[in-house]
Amino acid sequence: MAKRKRHLLRRPKHSKSLNQIPGTLTYVGNKESVETSLDVIDYNQEQYERFQSKSPQDAFKFVDEDRITWFNIDGLNNVEEIEKLGEYYELHPLVMEDIVNTGQRPKIEEYQDYLFIVAQMLYYKDGEIENEHISMIVGKNYVLTFQEANGDVFDPVRERIETGKGRIRSRSADYLMFALLDAIIDNYFLVIDDMSDRIEALEETLFTTQPSDDITLEIQELKRNILRIRRAVFPLREVIGRLEKIESDLIEEKTNNYIRDLYDHIVQISENIEIYREMIWGLMDMYMTTISNKMNEVMKVLTIMASIFIPLTFIAGIYGMNFEYIPELQWKYSYFVLWGVMIIIFIGMLYYFKRKKWL
Amino acid sequence: MAKRKRHLLRRPKHSKSLNQIPGTLTYVGNKESVETSLDVIDYNQEQYERFQSKSPQDAFKFVDEDRITWFNIDGLNNVEEIEKLGEYYELHPLVMEDIVNTGQRPKIEEYQDYLFIVAQMLYYKDGEIENEHISMIVGKNYVLTFQEANGDVFDPVRERIETGKGRIRSRSADYLMFALLDAIIDNYFLVIDDMSDRIEALEETLFTTQPSDDITLEIQELKRNILRIRRAVFPLREVIGRLEKIESDLIEEKTNNYIRDLYDHIVQISENIEIYREMIWGLMDMYMTTISNKMNEVMKVLTIMASIFIPLTFIAGIYGMNFEYIPELQWKYSYFVLWGVMIIIFIGMLYYFKRKKWL
Amino acid sequence: MAKRKRHLLRRPKHSKSLNQIPGTLTYVGNKESVETSLDVIDYNQEQYERFQSKSPQDAFKFVDEDRITWFNIDGLNNVEEIEKLGEYYELHPLVMEDIVNTGQRPKIEEYQDYLFIVAQMLYYKDGEIENEHISMIVGKNYVLTFQEANGDVFDPVRERIETGKGRIRSRSADYLMFALLDAIIDNYFLVIDDMSDRIEALEETLFTTQPSDDITLEIQELKRNILRIRRAVFPLREVIGRLEKIESDLIEEKTNNYIRDLYDHIVQISENIEIYREMIWGLMDMYMTTISNKMNEVMKVLTIMASIFIPLTFIAGIYGMNFEYIPELQWKYSYFVLWGVMIIIFIGMLYYFKRKKWL
Amino acid sequence: MAKRKRHLLRRPKHSKSLNQIPGTLTYVGNKESVETSLDVIDYNQEQYERFQSKSPQDAFKFVDEDRITWFNIDGLNNVEEIEKLGEYYELHPLVMEDIVNTGQRPKIEEYQDYLFIVAQMLYYKDGEIENEHISMIVGKNYVLTFQEANGDVFDPVRERIETGKGRIRSRSADYLMFALLDAIIDNYFLVIDDMSDRIEALEETLFTTQPSDDITLEIQELKRNILRIRRAVFPLREVIGRLEKIESDLIEEKTNNYIRDLYDHIVQISENIEIYREMIWGLMDMYMTTISNKMNEVMKVLTIMASIFIPLTFIAGIYGMNFEYIPELQWKYSYFVLWGVMIIIFIGMLYYFKRKKWL
Amino acid sequence: MAKRKRHLLRRPKHSKSLNQIPGTLTYVGNKESVETSLDVIDYNQEQYERFQSKSPQDAFKFVDEDRITWFNIDGLNNVEEIEKLGEYYELHPLVMEDIVNTGQRPKIEEYQDYLFIVAQMLYYKDGEIENEHISMIVGKNYVLTFQEANGDVFDPVRERIETGKGRIRSRSADYLMFALLDAIIDNYFLVIDDMSDRIEALEETLFTTQPSDDITLEIQELKRNILRIRRAVFPLREVIGRLEKIESDLIEEKTNNYIRDLYDHIVQISENIEIYREMIWGLMDMYMTTISNKMNEVMKVLTIMASIFIPLTFIAGIYGMNFEYIPELQWKYSYFVLWGVMIIIFIGMLYYFKRKKWL
């Protein structure tokens, strides 16, 4: 059995470090080593500019009211820089706190001038699902995204903006929000497809290998993984559902169709998760029956061997006795007759077990 | 155990190919080889025309405002032709996308001039349930249906239109929609009846054959199948339920009774699915008890054989010892007396096991 | 194991024969041989008349506006006669269809001039629960009931009308409807009481007999039965619930108290069904533990026998060896000493197993 | 296994005897032998009178408009006397029927002049939970309570009235109702505490005794008991919940706080019931693992004994063979060397099993 | 197995001692020995005073209308002192009763001048979760907290008030309430993290140790613990949820954001609890499979030993027979040939079991 430490829920200790004063900013997570970096994309139908920096202040001069600005921050360690960004966009202190507290469950909060969305990205690491906290601020003409580590799930969106493919350049900030959420949800499909492959592989293993505790462990790991995925997806489903119904100037009428599409996707993912969950739970039962089948087989071998040879050994024992008067011992053909009898018993036994379908 | 690849959910990768730009048309499914073909039926109470083609444009000239037109497209590969149809009927880009993305869950969407319905057809292929994506556009006097492969579930409807049997020729497009949904749902009855037969057959097998991993596998396959059926039927139930309540000029008052009837049917199917599901889940438990019963039987044979012959062999062993002074050995009738003792032990043992009801 | 065919849900193929044109009348069920017969009771406070016939037309002349008329049709084969009745009372074609399609789940439908209620009667046949389709039309001063076979569950109601016992003669048609539904629901009590007896009997059997596949089968049959009962009762509960809330001229104010009473009863039945369901599901677990207990016992016998006699046989084997120089063999009392040793081992073993509580 | 008859739900046949005419009074229950007796307490702040009789008519003269009258009837056999009481207080016939039909589930019904409440008292009898039907009529200045048997759960309330302790004498009839319901619910605490003790005791037994069918039976009995308790408590919770919301002149504003308190209590009981239920269901699993553990132990003893002595016996058997030429037999020290070899094998085996932790 | 008494729900007998007169004050709990002590903190932005006493009356003179007063009472034995406090702040008798009755489930009650909140603190004691009853009165400018024992969960809040860190000194009483609830909920994170560690540790143990009843017991204890945690957390979630929606002058607008934050935390805890619950329930299944795996291994050892040596012993037995004429016995090399045969059988057997993967 592997010795590596298994974390039941890869819990980021608990969103807020204990006894922390509410409303103060401290990064809570397990990716302290990731350096904070900033990536700004500023675009409209005609123009496109991209800028990378370590400090938001360098970037503010690039921000143009007529263009849509997408700030992407990777790494949440450098709390001061994040705070500056928060001040620039006048974010609520509790929002700032939630951005750096990575244990948040997906949620949406409406503020006067912006929407605040928390989601979770999922990826595999050493065979275990990892959650990565993503938060998003959607304003009139800007989108801020905050990631714990430098992920690549948004790359296709960047490319589409750069090359001007699709509708994205001609739409407003809410469409960018949709595109980013769409990228996150598309990623879930990958993760649950992988889950499906692992379930199938395990089903295969169940029947072809000898029962071992490794299989139990793997089933348990699948359970843990599906529970983690569920924890990321189900609240996000509520978020998208509420996004569909929100009445805000920030969401244009025509973007609503796209959000509904998003909702369809996440409902589909949720349904698949539930199905996989049932399958995984079923694996344990399957495993029990295969173990029982194998034990049955072992017992049959034992029973057949013992049932055949124990009586024969008894017979041999009889004629190994040293009584002075055992008539059979003197007769010349006794030995051969006895062999005959034994062979008949042997064949009779085999026939009996054959008829019982144990052979 | 069969070596064939089992797909857990026969997933069409995931409705949308990853990183695809939202709103662009690409066929997503696993029936790429099916050639797109078009079948147009144009009818009213008096007239009936049928036309088959590879291109919708040939068909448009046949379309007559006074008649109801049913376009049926088999095969979703030829995206351009489908696009032309979409332009002709002014369909929303996202609708067009959903038509060719076959992983959609059943849904209904109301648009200004038409209803968009997605459903799933079910059929068996190599003992596994397959889902086939069907989408339907219902307009004022036309119905468009899109199928992945050339199915035959609509043939009875075609026949009724051709021969003018029943109400169908005298009613409007919404009744045609009802007739088509009715055909799909009727098909579900076949599928779940088949499921019922397989459950019964497996129950029978459980008791009559030796336990083997094949049975576990079959139960698992039934589970997968019922989960797939559920995934097709339950959302369609919501669809029909909403169809009942929709307030649209497209649905006539008198068609509502028929839709309610449809709803009754799909509720009934849903209930049966839940019952079959409980039965299938119960099969695993049943199987465990039969395995245990069989193991019990094996153990009894072993125990009886060992309990009878081990003591007897011990006795024989005693008189096979080479001690110089064993008084019994000299006595003339010892051997026969010993046989007597052994037979008494043997019969006593049999009686004991008989009384314990192990024999 | 019994060879008789078990039907999982005693499904009447599926309410509607496949590809049947919606709105046409064909009897769907498995009691084709039952001849249609008609029983008309016409009564008011003062008068009472009863009439039996094969054709409704003979009966129409008996119908008197001032009296309440109860048409009871047994057997749904003679579709034409039923159609005549439908025309006389101006029933909707879909209602007519539902009357003869026996797979319907219990439901209530309000029409202008009448209520349409579908329910299911339950009875045992060869140890399996059978459902019988009953439909009821309740109009201003008439009640029509349609049964698949000639049942006797309504006899007490007939008697009450005939003898004028209770309130029934002095009330209107809705009270008759109540009395008939009450008779059906009373019958459910009988069926679930019987279910309770069978559960208890099976519990008893579980402990007193050797494990066998018959018990697994019986548990499975109980499961099937309770699922069937549930399928009849739960939708009827909704029906009665809606009947309580319906605002219709057909239901008098003072009948409402009786309907509420009916609702109490069916809720009570539903609760019992859920309890029995839990008990039945628990039976499988109980059964598993009794099998395991029995196997444990078998194993103990084997282990005790083997543990005692295998070492003793070994000792006997030692002194059966033919080495030229085994000092013990020459000593005169060796044989007796050895017996002593063996008896001590034997008693020691027994004591050991006694202390382990295996004996 | 005990031979006593176990009743699954201690069903009072079914609230209404079959085919009984609705609205007629017949006692339905299993305590026919209890003689009906009447206990009247008439009190206000200043006065207190108590009167016991067999007939309500004797009591009516004691009833004083200015005082609160509590009629308590024990035993529901004497239907005529109960009927007289019903007439005196002008109760609805269906209420009268529900009073004597003891299978009713807890409910509340509002009438013009009074509230009708049905509850169930719980107590142990021969280790099984028994339900006793209690119904209560709460009017302007009277409370009628009807019990199947002479219980003592109301004694503390009687004492408080007599001695004038607490608020009860200074309050109106609704407070008396509260006090009585409070007494019933307090009693539930006793019953579920007892349940808790039994669960703990059984857990203890599970580990300390040999597996036996008695334990399975006891777990099953606990299941039955908890299901029965649930059946009494859950509907009463709804009753109290509705009582809280009822708008009736009969309930004073200031009594509402007490009813809310009652509701808190019954919610707490419901939660505990659910927890106990989970614990009881878990007992079966626990039991299975302890059986398996015990079987494992049995198998280990067998395997160790057989694995050690079967090879040794084989070796002894080798040198018991009668071949003319077996070189070892002639050598003088063979026997002693062989003993050495055997002891080494023996120790080796012990070490092997020790390392496998089977010893 | 440990002999210590396990309490299923550490029930404080039942919130109200049986037959107690409603509305009278008696401490109900199991911490009778804790002496009641009083700790008063009186503060505003500028001032801070702290006072400890045994009697509230000493403290009343310290109370200043312009400051926020936090009374904390540890130990609920001294009912008279608590009563004095209740009179001073004009608390409702039922509130007073709920403060000293420690079995209350978490709840919130709105009164004219104050809110009454009941919560439960959780901590470990001898490996079992203990609940401690906390009640809180929140008034215009005061907060009263009542604890059963002297806990330390509020210490960080005290420190923040004393040192003036964070917002707390500049806010009103409702913010203090938030800070205290926040401290309680933070504590839950610790408890469930600990739970997570124990689950992981047990998973580890499951595979590395021999099956024993101790593991079953530990799983059962985890179940009990998680059920207890759930019982404390789930109703508190409702409480916080209602607190969010309450319209009261006592809760300032700007505190609402903090309460929403609190709600997010408790929802997160609830979700984790549900996940842990599923994991714990899964442990029993895992345990069963590891037991079965271990038994399988035991059986294989037995079967291999018996299958190899029983036939060999039989062969040795054959040539131990004393027939006068056994031709093989005379031949000189018989013995060596036989050894050869036996070794071949031995190797053949090993190969057979190897191929079956039993070795």
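Order of writing sets the labels: A, B, C, D and E. Residues in every chain begin at 1.
Note that a contact is a pair of C-beta atoms (placed from the backbone, for glycine too) under 8 Å apart; a residue touches a chain by one contact, two chains touch by 3 or more.
Protein names from UniProt, one per chain: A, B, C, D, E = Magnesium transport protein CorA.
Since this is a predicted model, take the numbers as computed values, not measurements.
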| field | Interface sides of subunit A and subunit B: same vs different residues, half threshold | value | different
| said: For subunit A versus subunit E, what separation do you get between their C-alpha means, in angstrom? | reply: 27
| query | Taking each chain's centre as the mean position of its Cα atoms, how many Å separate subunit B from subunit D? | reply | 43
| request: Could you tell me which residues belong to subunit A and also touch two or more other chains? | output: 288, 292, 295, 299, 302, 306, 310, 313, 317, 320-322, 326
| What topology does the chain contact graph adopt: line, ring, star, complete, or other? | ring
| message | Please list every chain around the ring, with subunit D first and subunit E second. | response | D, E, A, B, C
| Contact set on subunit B toward subunit A in their complex | 1, 6-9, 11, 13-16, 18-19, 21-24, 92, 94, 103-105, 107, 109, 209-213, 215-217, 219-220, 223-224, 227, 231, 284, 287-288, 291-292, 294-295, 298-299, 301-302, 305-306, 309-310, 312-313, 316-317, 319-322, 326, 328-330, 332-335, 338
| request: Quick one: which bits of subunit C touch subunit D in the complex? Just the residue numbers, please. | output: 156, 160, 165-167, 178-179, 182-183, 186, 189-190, 193, 196, 199-200, 203, 207-208, 257-258, 261, 264-265, 267-268, 271-272, 275-276, 278-279, 282, 285-286, 288-290, 292-293, 295-296, 299-300, 302-303, 306-307, 310-311, 313-314, 317-318, 320-327, 357-358
